[in-house]
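Dropping a structure here in structure tokens format, bear with me for questions.
As written, the chains take the letters A, B, C and D, and residue 1 is the first residue of each chain.
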Amino acid sequence: MNKLISIDEAVDMIKDGMTIMVGGFLGCGNPHKIIDKLVEKNVKDLTLICNDSSFPDYGVGKLVVNHQIKKLIASHVGTNPETGRQMNAGEMEVVLVPQGTLAEQVRAGGAGLGGILTPTGVGTVIEEGKQKITVDGVEYLLEKPLKADVALISGQKVDKFGNIVYFGATRNFNTLMATAADTVIVEACEIVEVGDLDPNDVVTPGIFVDYIVDGGAN
Amino acid sequence: MDKNEIKAFIAKRVAKELKDGDVVNLGIGLPTMVANYIPEGMNIFLQSENGFIGLGPAPEPGKEDMRIVNAGGQPVTIIPGGAFFDSATSFTIIRGGHVDMTVLGALQVDEKGNLANWMIPGKMVPGMGGAMDLVTGAKKVIIAMEHTAKGAPKILKECTLPLTAAHQVDMIITEMGVMEVTDKGIVLKEINPEFTIEDVQNSTEAELIIAEDLKKMEI
Amino acid sequence: MNKLISIDEAVDMIKDGMTIMVGGFLGCGNPHKIIDKLVEKNVKDLTLICNDSSFPDYGVGKLVVNHQIKKLIASHVGTNPETGRQMNAGEMEVVLVPQGTLAEQVRAGGAGLGGILTPTGVGTVIEEGKQKITVDGVEYLLEKPLKADVALISGQKVDKFGNIVYFGATRNFNTLMATAADTVIVEACEIVEVGDLDPNDVVTPGIFVDYIVDGGAN
Amino acid sequence: MDKNEIKAFIAKRVAKELKDGDVVNLGIGLPTMVANYIPEGMNIFLQSENGFIGLGPAPEPGKEDMRIVNAGGQPVTIIPGGAFFDSATSFTIIRGGHVDMTVLGALQVDEKGNLANWMIPGKMVPGMGGAMDLVTGAKKVIIAMEHTAKGAPKILKECTLPLTAAHQVDMIITEMGVMEVTDKGIVLKEINPEFTIEDVQNSTEAELIIAEDLKKMEI
């Protein structure tokens, strides 16, 4: 039951062609050390599920710049010009999803739901190819769950069982992605002993977490 | 008025729509400026869709913490009484109707309350971020923008760009006036005395309905 | 913006025939003081949405015993014999819902979703009268959102803006119901000043809460 | 064996199915007893659907805190490394496949893996609580029960009571043996040497398939 592994061991679990989820919002809450190692090891053809593609030199943006992403599922790509370039050049497939829908899709994947009905996107191009379902006279889009092979998340304080406490705005998609992948790896700013976290304060229970990497203060 | 004065003028007028206790989400750019004009003594709770409520001003230089940023990724602060949460909770607040007002810019807005502000096909495709949820879920949607883009109308009979949401816009505030989107069309409720009704109509593709009690736009 | 009210003022907002949600699980996390006052004022014909009907002499169970509930939506009623008696006698309508579905229905109500698709209940009597939707070859039940006129919840530490921190297993449905009613009233074990709670520890943001009642230590 | 010995025997055999690191949800009654027989040195995380993981033993008398109770409303404790959460998270764990094993009692179970354990129409309608979600979502569903009810079989060709879930039961453990539910039917894998195969079949409505390597049921 030792969940502590090295960054190398963590990145070795990520193979060419895998689907990965990465927590974070414009880099805030990205697991930066793991991403840097992923760039170094140059794992290819990844499908990346992330809120955004961050900036070219910050967080997940580096994976795009290094041409490691085959397909990106995100809500916003405007802060990384390289994403737009690769998208327009046909080098990378980009699926744009409303942010609240993306959050619910990841959550549904983790919660064993077959999907959720959202009013967001009705009457827009977002509804193309999707089932529309009317409930009590109102139209909704059926949005399907998302899952991944590996979720790479970050936490502020993490105990050795994987219980996570977050700080500030780093939480974003990290809590959701922790539930929705076959393998969940958390990069911890600080690792503490089991029992050091108040069970009332834990945000992500450790049962969701498979491995812990010491990321040091970010 | 120069560009900056126009923006400040619009932001000040938007601020007059705020009510004590409102939960408000401000889009990037001009809408963000509304925060500078919140009336004294009024409690407004700014929601940041990346995961908190109680958005405060930028920190002092040297006190930035990259773990506390706004939806544009810029360092900010949180006010006492604020709270951090994840993206699911953030959009429970947004989609669930717990945001009293959102203020956003537009590329185009039309007389049916349709809004286009997230892409120009083949040219600019930044993604919708949280905008589609915000426009769908907020109780009141205000579009705050310059009335035209390089002289071309942005308030149209029908949007031609891909929509952000259909039938959701409640109010449009520009440097020329304050307009309400109604079932019958766009009603000009207030006019900036620097302009005539003809000026406003000439800068607007949609046919304006002039309010019987048309007022002077004041800030 | 003063959210602090008396228990009398709180209960005066609840009128005969209203739909109320009450947080708690077999009484744990029920807002006990508000419930006692509701019994005293004898508000009638309520539709109650709660995980269960607790015990006859504890929490929401008292509302059942006092014949104040016209319709109960719950996942479990076995610990309160009076619920079964009234149900069998046709005195009270009882809708039994799987607990995870009830949680998602309340959450969907608060989150503006048109519903969720769950595998729970497929092939059982629970599917009667419900839309079945197949996603990627798997059958799910479409479960609709639930909302209420008033939600009565309880919190451990509550600041004067309504930010809530919970203790132990009292959390259960309280977090969800805080999002899903027109009026949300929290009974606080302890009331603290705005700024006393760390924004990283808040579980229910104060914007969801309309009124706060001082419940004292429970 | 008397009633209590039978229950303890079944609970001990169920405990042998546990694997280090498992997340387990135990139903009320006999299944709860499994917690008493977790092998030394094995880390098992008991989930309590009312809102926490890391269910510990009952508190010492006088140290009960009614804010920390199990899904039956009884005071319990939480072990170091445990965590409290709300009902939505609790059922994300349950429905989302994050529970490795659930152990439940049954009124009836059948050869298709159908389970009935939540109501007897017109007689006992306690509600399903979290059982339907547990049986649907847990990776492994074990039914732990006495083999018959007052001599009448509970393991049937087809359940007659309203189902808790269809096709979800993986294993049945009684005082007579250990059975696996397969596509072909119920396979008797282990038998309590106090009984013959005929004894077990006579107490079972469903036709049992006898495993080629039928083993002695040991605890």
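The rule is simple: a residue touches a chain if its C-beta (ideal position, glycine included) is under 8 Å from a C-beta of that chain, and two chains touch if they have at least 3 such contacts.
Note that the coordinates shown come from a computational prediction; the quantities given were computed from them, not determined experimentally.
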Item checked: Starting at chain A, fewest touch steps before arriving at chain C -> 1
Item checked: Those chains which touch chain D and also touch chain A -> C
Next item on the list: Have a look at A-B versus B-C and report the one with more C-beta pairs in contact.
Entry: A-B
Check: Centre to centre, by mean C-alpha position, how many angstrom separate chain B and chain D?
Finding: 55
Note to self: I'd like to verify one number: the distance from the centre of chain B to the centre of chain C, where each centre is the average of its C-alpha atoms, in whole angstrom.
What the structure shows: 35
Note to self: Need the CA-centroid distance for the pair chain C / chain D, whole Å please.
What the structure shows: 29
Next item on the list: Find every residue in chain B that makes contact with two or more other chains and list them.
Entry: 52, 78, 84-85, 88, 91, 95, 136-137
Notebook entry, point to check: Considering chain A alone, which of its residues make contact with at least two other chains?
Noted result: 104, 107, 111-113, 118-119, 166-168, 200
Item checked: Chain pairs that touch, as defined at the top of this document -> A-B, A-C, A-D, B-C, C-D
Check: Can you list the chain A residues touching chain B in their complex?
Finding: 25-29, 51-52, 55, 74-79, 84, 87-88, 94, 96, 98-104, 107, 118-126, 156, 166-176, 203, 218
Note to self: Using the touch definition from the top, list the residues of chain C that touch chain A in their complex.
What the structure shows: 104, 108, 111-119, 131, 133, 135-136, 138, 140, 142, 144, 165-168, 200-201
Next item on the list: Would you tell me which residues of chain D are touching chain C in their complex?
Entry: 48-52, 65-69, 71-73, 78, 84-88, 90-91, 94-95, 114, 122, 124-133, 136-137, 162-167
Notebook entry, point to check: What residues on chain A touch chain D, complex-wise?
Noted result: 1, 107, 110-113, 159, 161, 163, 179, 194-195, 199-200, 202, 205-208
Check: What does chain B use to touch chain C in their complex?
Finding: 20-21, 23, 43, 45, 47, 52-54, 78, 80-85, 88-89, 91-93, 95-98, 136-137
